[in-house]
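Lettered A, B, C, D, E and F in written order, each chain numbered from 1.
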């Protein structure tokens, strides 16, 4: 079965990104497909590559990047939510005249249409938020 | 992309204190382009999103409540509001904005987009969807 | 020696206002801000509990937040006073401490 | 045609579980995750309301979240089933839609 | 910096679902170096922070509950827990971790840091502070 | 009177940073002092200079930077909270081996001791959070 996943809260602050991670791993282990994870609201904060959690804590962004690479998951960060919150890729940074960018490998910035499309193209949609 | 699915946007949070109501509306506006069967549910504190007379001037934040009145132009015409949620909050339908759409199947007659439903009807609506997005 | 309590969540969703009312002492002040302003509404399932503390406790609502949400003063419980941000500042200054019910 | 409802907030702080129970239909399933797992506790002020829906509705608790919070299964209401993340996946697959009570 | 103020840390949220409990503890540990008169209040869902037997292995997040037992080493020895909050949640003192400190004014005798108080006593405690930090 | 202010939630997501801004402006207008504002939890996200809100929205970071400059307010971002969430200044970025930083002008990264110190040195402490 194809699962779409929405993550609506930021890393460490809220458990949503952790629960979603364990859910997606379990879904893949059971033979389901997870073609896309969509990051919305504060969920866009998961995508920063500048996070430096304590050594004895999980690295939420790196876990997602690795999982996506291994299983070909499309990690989509909502552009409107990301702009407000200061998450930019190199392209966006150039367009907005910003001197730095912060999106990690494996995440891509795109529009809300990708969320709707995910709802249409998957069999189940699961939201993790607050 | 030819399949038509039933999409329900569930709004349970008050406006302005957090961004969920505004960002929910942004999804609805983008989603309208996809020609799906769209309904919006307002229950619990979500009913506060639709109140009349919102004035954010002193806060310096954008008043997005007029956008609800534009939803008809995007063919988003089904806004279900739960009566029990209104009652618990001391509100009635008269406290909500008037939101209209033009029904192209009925000579472009103006019709109200807001439908007040009971909690049981809201539960039925939720049980009749393909995709539910919660905000 | 009294306390200013701030409540910023809707009492219909979150128990913060109730807990605040259960812990504030006679002579304290409670200021409802952000989504907390809904606690000022009359004729709700919360209204009686809020009204029951009026008098013993001074209740205030932050008017810019009430206006943003379309809450007219005439819809509010009698005995709740409206303040603007300067009034908020005065309340903080006039009480010995501020306790936020987050 | 049934729904899986997920609840992720403590029922002692937030009305999400109550609203979920008020809206789920007979034959639906409710899965308590994250801080929502406290809804599975027996002998609380919420317990009777939760227990009243057991049978009509299938109630589940996500065990990794319960363990993190020190909730032993023996402290939970009878009739609530524990699942791990794979069980969560099965619940999603086995119901027609998932509704998150955020 | 010679003035001694009464600091109260108010903990009303459950652990792990959100980060507030953990980051509150980080403030308490740093704050201990400032030699103020520190008390911690646990009420509402905050009482869940102190439960025994927390096992976060399957979540892959850090179990910070043992840190509460180290607070005595930082001279943080007053943890007030509200009885009504416990009762409402089906908990009793036996469900909480045993947290001890050594009282240097009493021959380093081991004493319990947790003090179960009534809601009225919690209100009195709150009313007797210089600075209140809420998490 | 001297007020200390704590902001515990992120910009746009939660109203806390807005309410605090109006509160601080009003306090200054009434002749009070606000020597420091401390950003903790998701409040650290206010300090990113990469935020690009819609044109018709307030720019929360720029408003704080301007207010701090005008009135000499010390805007302190908690280092532990900032590291987890990917907020770094140039110095921290170098130390952590990161290729970018994102802290805006007027904010400085420091430890939680600054929060306690603020509690000790001010007459009133007000927290804006969630």
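Everything that follows uses one rule, which is that a residue touches a chain if its C-beta (ideal position, glycine included) is under 8 Å from a C-beta of that chain, and two chains touch if they have at least 3 such contacts.
Values in this document were obtained by computation on a predicted structure and should not be read as measured data.
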Each chain counted as touching chain D and chain E at once: A, C
C-E compared against B-C, more contacting pairs: B-C
Of all other chains, the one whose Cα centre sits farthest from chain F: D
Same or different residue numbers at the chain A/chain F copy interface, by half rule: same
Centroid distance [mean C-alpha coordinates] between chain C and chain A, Å: 38
Averaged-CA centre spacing for the pair chain F and chain C, given as whole angstrom: 26
Length of the line joining the C-alpha centres of chain B and chain E, rounded to whole Å: 43
Of all residues in chain B, the ones touching two or more other chains: 12-13, 16-20, 44, 59, 61, 131-132, 134
Numbers and ranges of chain D residues touching at least 2 other chains: 8-9, 12-13, 15-16, 34-35, 64-65, 84, 97-98, 100, 102
Chain A: positions in contact with at least two other chains: 12-13, 15, 22, 41, 54, 57, 80, 125, 127, 129-130
All touching chain pairs, where touch follows the definition stated at the start: A-B, A-D, A-E, A-F, B-C, B-D, B-F, C-D, C-E, C-F, D-E, E-F
Contact footprint of chain A on chain F as seen in their complex: 10-13, 41-42, 45, 48-54, 57, 61, 80, 83-88, 93, 96, 98, 100-102
Partner chain D, residues of chain E touching it in the complex: 12-18, 44-45, 48, 51-59, 61, 63, 65, 88-90, 95
Contact footprint of chain B on chain D as seen in their complex: 1-3, 15-16, 19, 22-25, 28, 96-102
In the complex with chain E, residue positions of chain F that touch it: 6, 40-41, 80-81, 111-113, 115-117, 119-120, 125, 127, 129
Chain A partner contacts - residues on chain D that touch it in the complex: 6, 8-9, 33-35, 62, 64-65, 84-86, 88-90, 92-93, 97-98, 100, 102
